[in-house]
Every structure is written in structure tokens, then in C-alpha cells.
Amino acid sequence: MNLNGEKIAKYALMTVAFSAVASLLLIAVFIFKEGLPFMFKVGLRDFLFASDWDPMAGKYGIYPMIVASLWVTLGAMLIGAPLGVAGAIFLNEFVPKPVMRVVKPTIELLAGIPSVVFGFLGVMVLAPWIRATMGGPGLSVLAASVILGIMVLPTVISISTDAIGAVPNSYREGALALGATRWQSVYMVTIKAARSGIIASIILAMGRALGETMAVIMVAGNTVKIPHSVTDPVRTLTANIALEMANATGMAREALFATGVVLFVVIMILNGIALSTIKGRVRRK
Amino acid sequence: MTAPLPIKIAAHDFRVFHGQEESLRGITLNIPANRILGVIGPSGSGKTTFLRALNRLNDLAPETRINGQVLLDGQDIYAPSFNVVTLRKRVGMLFALPVALPMSIFENVVYGPRLSGVRNRKRLDEIVETSLKAAFLWDEVRDRLTMSGLRLSGGQQQRLCLARVLAMEELEVILLDEPCSGLDPISTAKIEEALTILKAKYTIILVTNNTKQAARVADETAFFLMGDMVEYGATDKIFTVPDDKRTNDYVTGRFG
Amino acid sequence: MRIPPKYTQALAVTVLGAATVFTVVVLVFIIVFVLSKGLPGINWEFLFSAPKDMGRAGGIFPTLVGTVLLPLMAIAIALPLGVGTAVYLTEYTRETRLTQVLRFGTDCLAGIPSILFGLFGFIFFVVMLKMGWCLLSGGLTLAIMVLPTIIRTSEEAIRAVPNSYREVSFSLGATRWETVLKVVLPNALPGIVTGVMLGIGRSIGETAAVIFTAGSALRMPASAFDSVRTMSVHFYILAREGISNEKAYATAAVLIISVLLVNLAAYSTMHRFIARRSR
């Protein structure tokens, strides 16, 4: 009787355990079910590589949005990656442990700030400044990149710090014992050793930037146009989905799901690369 | 000639495999009831594996296989129909490192009885008092039963573990795996004294690295070496005129 | 001419330090800025009265209620599922293909951006299951979003429970399930609670998934099938529609304070948990 209860517990838990996988499959199936047929109906060329987005007229080209997402994400990484990695190195190697123990959680705490707040500040503070100093409407690729870059900083710092912290002290001491300065031991040994973790953090951050919606809607301008300069307003893939979703029906709605498919696939690939990079390291430990 | 003692636990050609390795080779042994059996031998000789086989704690280790039989009161404890949970209530264990559960002293002692369904508060109080007294711990903790068991000293925690085992009504056999290895001499003496009294009610099997302890306390002694049981007999004999040369070498300290 | 290593080091430290300081300053500035503009607008009336004139005046009470109810519902769903999964992964199986699939699923789920959750939740709960924009739709969607966090932190907490406790419990005649219930879970509780608080913190700030599933009705919800507006959605609408900057800042301030408080609570629980472990 005890042992029967055991069996029930085990199978109940097993069912529950599949809830995560089941949800994932459900989401994936849905998005693909609604989006994939559309891509074949309209054809990849007219979808991914056409610049005409006018659902009312039956045009579903999302090329400008793809370019926009690429520019904004890349821009965000150009800002966020160096700052983040620099911060991680500095905090781990050149700052006394007690200070690090205060600063790191603070940065992670700040990661909890809702994205809409970032977006709002971008609109109130950053965009006017860009308009005043660089022209254009202010709501632009640049504004979005800066805001996103700041938003992904905690991710980069956090994961890179873990990677750098995981480098065994013996590596550092080995370099120092050979007469290297602290900085030399860092860039010759530690960074190389933590390289995969740092890269993983950047790739993960890239996935986050790509998937960010609310902040981008607020500061990027939402114009459907291929950008030619960083002060041009743009609409990213995510913004497109959010802005059109409420009013879209029929083919237009399917188009949004197809966009979702594109996002899903790209982000899954990015996350997969990042995770396997991290896991490869962990297994070696 | 005295009448033959009733056999509590019998092993017939019992083997234990961990993966490919044969940790215990063909042990055949009859353990009489209400006696203290000392199990001695160097590290890695299979003493702990043997002990853990008796309450099937080995089942928890991955890739463990057994061969042969272990009989408790004549029943094969490894038979598929044998209830492992009941087995562990009849055969209790004390580990080398005293492990108090992260609960109060009271909750620690009543853990077993509660699992068996005892709910009556008065009954539980009785059980706690009786068990702690039998473990020579009652006087020291009677006023702080709600204190966390983790706050006791090592010696006290080990006696708490003993009380915990004694609290189980179904208990018939007590297994001890080097219970005094980290303890001070006074705590050790208290536990040894408790065992000598307890054997009237229970069958006790004591694995120990300390041959002197076996000599003090055990009625019979078994010498294990590299997975084999080399010799078994009355303690006096094992320590003075053993049959096997290896036994002699071990008890005289020629190797350890 | 080679620059002596001492100088490259000084240069490097300066550059790195500047970058770090810049990062910290920017992040702190954001909080300080929003709080300075928003705190003046926060008073009893703001927090506990209903909005008037689409939010141009009055308070944010219904959104406060929504912001409490929605994460609560998400946790109510995700907690048993998440802890159950964690228990199964640690206590009932060894590392096999199966567990790898489970972990992979969890990791993938964690990486999906919130807009896609919003998209899915909209089509599945709101439209297909005909639940409409409501607390339940939002709660279910958020539950799936938060599930990986709960699973991860619960698993960590459960693994941290010393194996000796389990062994002792078994040796006293407990079954695996009894051991989990009486020894493992109580011991892992602080870690699990930390995960719950992190999940709540994330849900409070979530907008994209919420707006498309729970809607944005400004009324007080009377049942799980009523639409609710959370503070972050309210803030977003105020900001984008240009309704009232003043109210927007105030709402943002309340949002930030809530998130910070929850995250702080999570961290302090985690640290007390770790400190207790190492005693």
C-alpha cells in the first residue's frame, strides 16, 4: 500500500515534468501551424525579401523589418558587449571581493527594471537629445540601439562574470609567477580561458535584444522603411507583430505568425549556440 | 553444551556487485539473535557493503546487483514480495557521521513512529522519553526537546540517532557503521554501554575500525578482508587464538 | 619602442574601470531619474483610488490589483508544475535521454521572447479557447513564461539538500515520496521561495505578453474571466498615448519600487539560505 502510493507519485510527477516540454511544443506547434502555411502561400521571396508592407493591399514584405532588427540588434551589441565584458573583467579581476559582492547583485537587481521604463526614458531623454544633436526625428535606430544596449548589459556582465570567476586561480597564479602584471595575466590567460562563456553571454544577449519589443516600440520610430542612417526611424520584427496584432485578421494575422516563425527560429538558433558553448565548458570542468 | 542460539540473520553465499566489481564475495554467515556481532577488517574490505545489504540500503546505489540470499527470521529479504519499507523499520541503522535531521530533537526521534502512523501526542511523548533514556541522552536534552537537533555536539547527535532508531516499535536489529569514529571517549563509552544493555532486546551488528572496541563489546566477531569473510567466531577466540593467519596478523596490528 | 607593461596595465585598468563606472552610473541614473520625477506624484490617493479620464487624473488602484492578481495566478499554476518537475528530475530519475529532453525543453522555453508568448497566448487562450482577454488567459501565459525559472531554482535548491538526510530518512523506513515531502522539500523551501519571488518580479515588469492576453480594461476585475490592466500595461498606455507624463512617471516609480522590493526579498532569502547551508 505504501508502495502503490509510490508508483502513483512517480507517474504523477513524470506527467507534471513534461509540462514544460509540452508547453514548448504547444507554442512551437501553434506558431508554426499558423505561420508556415502563409510563408508558402505568399512565397519566401515576397515575404522575406520584399519591401512592401501593406496588409490591406495584400502586400507582406517584411524585408525592412528584418534589416531594422539586424541594425538595432547589432547596434545594441556594439554598445552592450564591450561595456559588459569590460565591466565583467574589471569587477572580477581588479576590484576587491567585497565591492564585487555588492556591485554584482546591484547590477542584477537593475536588470529587473521593466523594459517599458527603459523605453519611456528613451523617449523622454534620449530621443530629444539625438534629434537636437544629430537631426532626424530622434526616434531612431540609434535610440533603440542605445536603449537595448543598456538593457542587455546585466545579461552580459552576469554571465561573463560567472565565466571569468570559473577560471581556476592556478591559471592566474601561473601567469603571475612568470612575471606577468595583473593585466597581462588577465588578457593572456584568464580571458582566453573564459572565452567561451563570454561569447555565450554575448550571443544570449543578442537573442534578448532581438526579441525585445516594448522598449523598441517606444523609441525606434516604427516607420516601415529600410534605414540608411542610424538616425532613421525603423520598425523591427517584434514591433511589427505587436503593433499589427490587435487589428490583423486573416492573411495579415498569418503574416504576423510567419514573422513569429522567423523570430522563433533565429532566437532558438542563437540560444542553442550559446547554451552549447556554456555546456561544453561545464562538462569539461 | 549450551543449546544452539536462534539465528536472527543468515547469509547464504551472498554476493554484491557494484557495476563490474564484486564488492562482497560469497558471504555465508549465521548471526544469532540478541547478541552483539563485531565486524572488523581494514578499509575497503566490504564491511560497510555487508551492513548496508542487511537493510537493503544498497538498493539506492546505482548499478548494484546481488546474488545469493539474506534471511531475516528465515525470510529472504531480497525476495520481490518482501516489503523493503517494513524491512528498514525492523532493521535500523546508525551511520559513521551522526546525521541529525534538520528538525527539532523531538521531531527527529518521532520521525519513524510518525511514518508508521502513530499520531497520539501522549504516545509520542512516551516514545521520545523512553528512546532518549535508552540512548543515555534524556538527561541532557529533556528541557530542550524543541531545539534543532543540529545544535547538539557530535556525541550527542550520535546518541540522538540511536534514540531515533530505538523509537521504532518494529525494531529488531540494530546496524552500526563505525558509530564512534569521530567521537570523544566519553560519548563512545556511553554508546558502548547502551549497546550492552540493548542486546537483551535486539540483535546488534557493529562494524568497527577499532579492534579494541570489538574486543570490548562484541560477543562474536567476524573478520572481513577484501570482500571475503575470512573468519567468524567467539570474540575471545578471534583475538587470542584465531584459526586463520590473516586474522592473527590483523588483530595483532601487523597490518591495518 | 615597447610600452612597459606597467603602463599598459594602468591604461587597461583605467579603460575597464571607466566602462564599469559608466555602466553602474547609467543604471543607477535611470532609477534615480524615474524616482525623482515619479515619487512626488505618489500619495495615498494615487495608490488607492481609481483612474479618472483614462488615467489623466485619479489613481492606479485597479492596476495595482491587477499587478498583484496576475503574477499570483501565474505562480499558483507554475509552482506545483515547476516544483513537481524539479522533484522528478532530481529524485526519481538519473541522467538519461529523457531528462536531457526535459532540460532541453525547459531551456528552450526560457529563451522565447515575451512577444511570442503574447502571440501564442492571444491565439490559443484568447481566441481559440474563447477565454477572451482576461485574468485567466494572462495568468496561464505568464505561468508558462515563469515555469523555467521555477524549475531551475527549485532544482538547485533540491540538489543542495545533503544526501545524508535522504539516506537517514530511507533507513528509518520512509518511501521516496515521504522523504521528499518530509525532509527534502522543507529543506529546499527557501530556495524555492527565491525562485517564486524572481518569477513574480519578472511578471510585474512584463508587458508584451500581458497586454495581448489579459487585455487592458481599467475596471476592477470581478472574476478570473475579467480583463485586467497591470501597472506596466497602464504605464505603457499612458506613455505611448501621451495621456499624462506626470502620471506615467508616478506609475513607473511604483513599478520600479515594486520590482526592486521583490528582487531584494528574493536575494535576501537566497543569501540566508546559503548562509544556513554552510553552517
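Going by the order they are written in, the chains are A, B and C; count residues from 1 in each one.
By our rule, a residue touches a chain if its C-beta (ideal position, glycine included) is under 8 Å from a C-beta of that chain, and two chains touch if they have at least 3 such contacts.
Keep in mind the model is a prediction, meaning the values are calculated, not measured.
*Asks:* Based on mean C-alpha positions, I'd like to know which chain lies farthest from chain B.
*Replies:* For chain B, the chain whose C-alpha mean is farthest off is A.
*Asks:* Could you name the chain whose Cα mean is nearest to the mean of all protein Cα atoms here?
*Replies:* Closest chain centre to the overall C-alpha centroid: C.
*Asks:* Starting from the mean Cα coordinates of chain A and chain C, work out the distance between those two points in Å.
*Replies:* Spacing between the chain centres: roughly 17 Å.
*Asks:* In whole angstrom, what separates the CA-based centres of chain A and chain B?
*Replies:* Result: the chain centres lie 57 Å from each other.
*Asks:* Could you give the separation in Å between the centres of chain B and chain C, each centre being the mean of its C-alpha atoms?
*Replies:* Averaging C-alpha atoms per chain gives centres 49 Å apart.
*Asks:* Where in chain C do residues touch two or more of the other chains?
*Replies:* 175
*Asks:* Name the residues of chain A that each touch 2 or more other chains.
*Replies:* 2-3
*Asks:* Can you list every residue of chain B that touches 2 or more other chains, as numbers and ranges?
*Replies:* In chain B, the residues touching two or more other chains are 85.
*Asks:* Quick check on the complex: what are the chain C residues that touch chain B?
*Replies:* My answer: residues 94, 164-165, 167-175, 178, 182-183, 186-187, 279.
*Asks:* Quick one: in the complex, what on chain A touches chain C?
*Replies:* Residues 2-3, 5-6, 9-10, 12-14, 16-21, 23-27, 30-31, 34, 82-84, 86-87, 89-91, 94-95, 103, 105-110, 112-121, 123-125, 150, 153-154, 157, 180-184, 186-187, 204, 207-208, 210-214, 217-218, 238, 241-242, 245-246, 256-257, 260, 263-264, 267-268, 271, 275.
*Asks:* Which residues of chain C touch chain A once you look at their complex with the stated criterion?
*Replies:* Of all residues in chain C, those touching chain A are 5-6, 8-9, 12-13, 15-17, 19-20, 22-24, 26-28, 30-31, 33-34, 80-81, 84-85, 87-89, 92, 101-102, 105-109, 111-120, 122-124, 144, 147-148, 151, 175-177, 201-202, 204-208, 212, 232, 235-236, 239-240, 245, 248, 252, 255-256, 259-260, 262-264, 267.
*Asks:* Note which residues of chain B are touching chain C in the complex, please.
*Replies:* Counting only chain B, the residues touching chain C are 55, 57, 60, 62, 85-86, 88-89, 92-93, 95, 97, 99, 101-102, 111-112, 115-116, 150, 161, 164-165, 168.
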